[in-house]
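The structure under discussion appears below in the form of structure tokens.
Chain lettering (A, B, C, D, E, F and G) follows the sequence in which the chains are written, and residue indices restart at 1 in each chain.
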Amino acid sequence: MKPTSDRVVIKSAPAEEKTSGGIIIPDTAKEKPQRGEVIAVGPGKKDNPMTVSVGDTVLYGKYAGQEVTIDGKDYLIMREDDILVVI
Amino acid sequence: MKPTSDRVVIKSAPAEEKTSGGIIIPDTAKEKPQRGEVIAVGPGKKDNPMTVSVGDTVLYGKYAGQEVTIDGKDYLIMREDDILVVI
Amino acid sequence: MKPTSDRVVIKSAPAEEKTSGGIIIPDTAKEKPQRGEVIAVGPGKKDNPMTVSVGDTVLYGKYAGQEVTIDGKDYLIMREDDILVVI
Amino acid sequence: MKPTSDRVVIKSAPAEEKTSGGIIIPDTAKEKPQRGEVIAVGPGKKDNPMTVSVGDTVLYGKYAGQEVTIDGKDYLIMREDDILVVI
Amino acid sequence: MKPTSDRVVIKSAPAEEKTSGGIIIPDTAKEKPQRGEVIAVGPGKKDNPMTVSVGDTVLYGKYAGQEVTIDGKDYLIMREDDILVVI
Amino acid sequence: MKPTSDRVVIKSAPAEEKTSGGIIIPDTAKEKPQRGEVIAVGPGKKDNPMTVSVGDTVLYGKYAGQEVTIDGKDYLIMREDDILVVI
Amino acid sequence: MKPTSDRVVIKSAPAEEKTSGGIIIPDTAKEKPQRGEVIAVGPGKKDNPMTVSVGDTVLYGKYAGQEVTIDGKDYLIMREDDILVVI
């Protein structure tokens, strides 16, 4: 599975339903950045080599990327620039 | 058949009518990325050489590319950047 | 006849009125890419040398280019990037 | 008379009133590319040296360029990229 | 915590409620640039290496950046270019 | 007086009220390019060094530039690219 | 106080209330470029090193820059390109 250009394939983690203090988060408050694991990384562009690696846990905007299904599993494909931070 | 610039020629595969579990997918759920095989690859642009190859199976957005008919066969011509991932 | 920049001069072929199976195509179905022969090629731009040559048969979008009349003959002048594929 | 950047100074030729077969062209059919002679050529830009020369006869779009009057004579100043072809 | 590209992670300081002269600022007057501390700095882009460092106190526009929660703490992630000045 | 970037300072000449044949030009016909003298020239940008010099007489579009008053005199400051031709 | 990128910090001078001839300027005539002194200069961008220096007196457009308050004093932060001329 090789993304083109500066794209990455991400397996998204389910949104956490509780805060660290244990309070349940209502749906409308969950439009925070999403968390996922990088599964595959494209070759990058000439001027901007890729800086994330397979296995990284990343945060990205809620509407980033495009859903794809490969071998029956769901992934997100987005441009590396849509990733905010590696945590 | 030589595409110009960073274009590729793709022979699209028919959309799968069933999920991996055998469930028939209704039409409205099929607007997922499409699958196809790369038939020809352009020379690329100076700063971004091509990263897909003839014979690759690729996913691309449903509305990517332009349909052409060459020697009576239908193909899609799109820019490499419209390809999401090589699988 | 020397086109400027990354332009090409094309002599367009008449649209085929029949499919390969001999069926007559109604007018509304003819808005497919057009076919033509490259008559003259510009010097290109610094970062993107020209990849089509005089004599190539090419497909291009129906609305690509600008019609000109030189010595009483009609040609199309378009940017190389408006050509989809050399066949 | 030195145009700046990638500009050229053009002395436009009057539109031909007849086709090569001698048929008079009504006004509404005259919105074809215009013909003119290159009078002066700018130094070009770093990445795109000029490819037209003083004395060239060129075609350009009807609305290309800006009219100027220098020493009582009318000229058109346009960017080289507005010229379609040297004939 | 590694921001991607030219992003920085900032821990914002609460808006000051008083002027230097001790006058309490009403809410509507507080839409001035915000102050914060740089917690993490991305690798930068090829043509623009990062110029802020971890520990810098910076001013940035009120609406700059995106709020994220990491390990239960709130941060702002923004592009370095959204920072106005290091003070 | 040092303009920044690719800017030039121009002392504009009053519009000529007569054609070369002595005919008085009504106001509405005067929206032709304006004439002025270059007073100061900026350092240019890396990829496009300046091509006009102090003392050049230039034509520029009627609405080009921004009026400034320095030491009680009125000037126009515009980008070199707003100059059409050196005459 | 270190501005980021190609920004400068400016201490603006009050608008002059009189012309050089001593005539009082009404408010509506004062929307001319503003004058100020450069207090701090950013590192510039790779392709466009900074050309203004600390201590320069500059003119800039009335609406250029963003007001900030640092240590109880008011400054303007703007991109160098918003400065018109060093006088």
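Note that in this section a residue touches a chain if its C-beta (ideal position, glycine included) is under 8 Å from a C-beta of that chain, and two chains touch if they have at least 3 such contacts.
Heads up on the chains, UniProt names are A, B, C, D, E, F, G = Co-chaperonin GroES.
Small disclaimer: the values here were computed from a predicted structure and weren't measured.
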Shared touch partners for chain D (Co-chaperonin GroES) + chain G (Co-chaperonin GroES) come out as F
Copy-to-copy rotation (chain A (Co-chaperonin GroES) on chain G (Co-chaperonin GroES), CA atoms, range 0 to 180, rounded to a multiple of 5 degrees) logged as 105
Distance between the CA centroids of chain B (Co-chaperonin GroES) and chain F (Co-chaperonin GroES) (whole Å) is 53
Distance between the CA centroids of chain B (Co-chaperonin GroES) and chain E (Co-chaperonin GroES) (whole Å) is 43
Note: chain G (Co-chaperonin GroES) residues in touch with at least two other chains are 47
Following the ring of touching chains out of chain E (Co-chaperonin GroES) and into chain G (Co-chaperonin GroES) yields E, G, F, D, C, B, A
The answer for chain F (Co-chaperonin GroES) against chain G (Co-chaperonin GroES) in the complex is residues 1-5, 7, 9, 40, 42-43, 45-47, 66-72, 77
Within their complex, chain D (Co-chaperonin GroES) touches chain C (Co-chaperonin GroES) through residues 19-21, 32-33, 47-48, 51-52, 59, 61, 80-81, 83-87
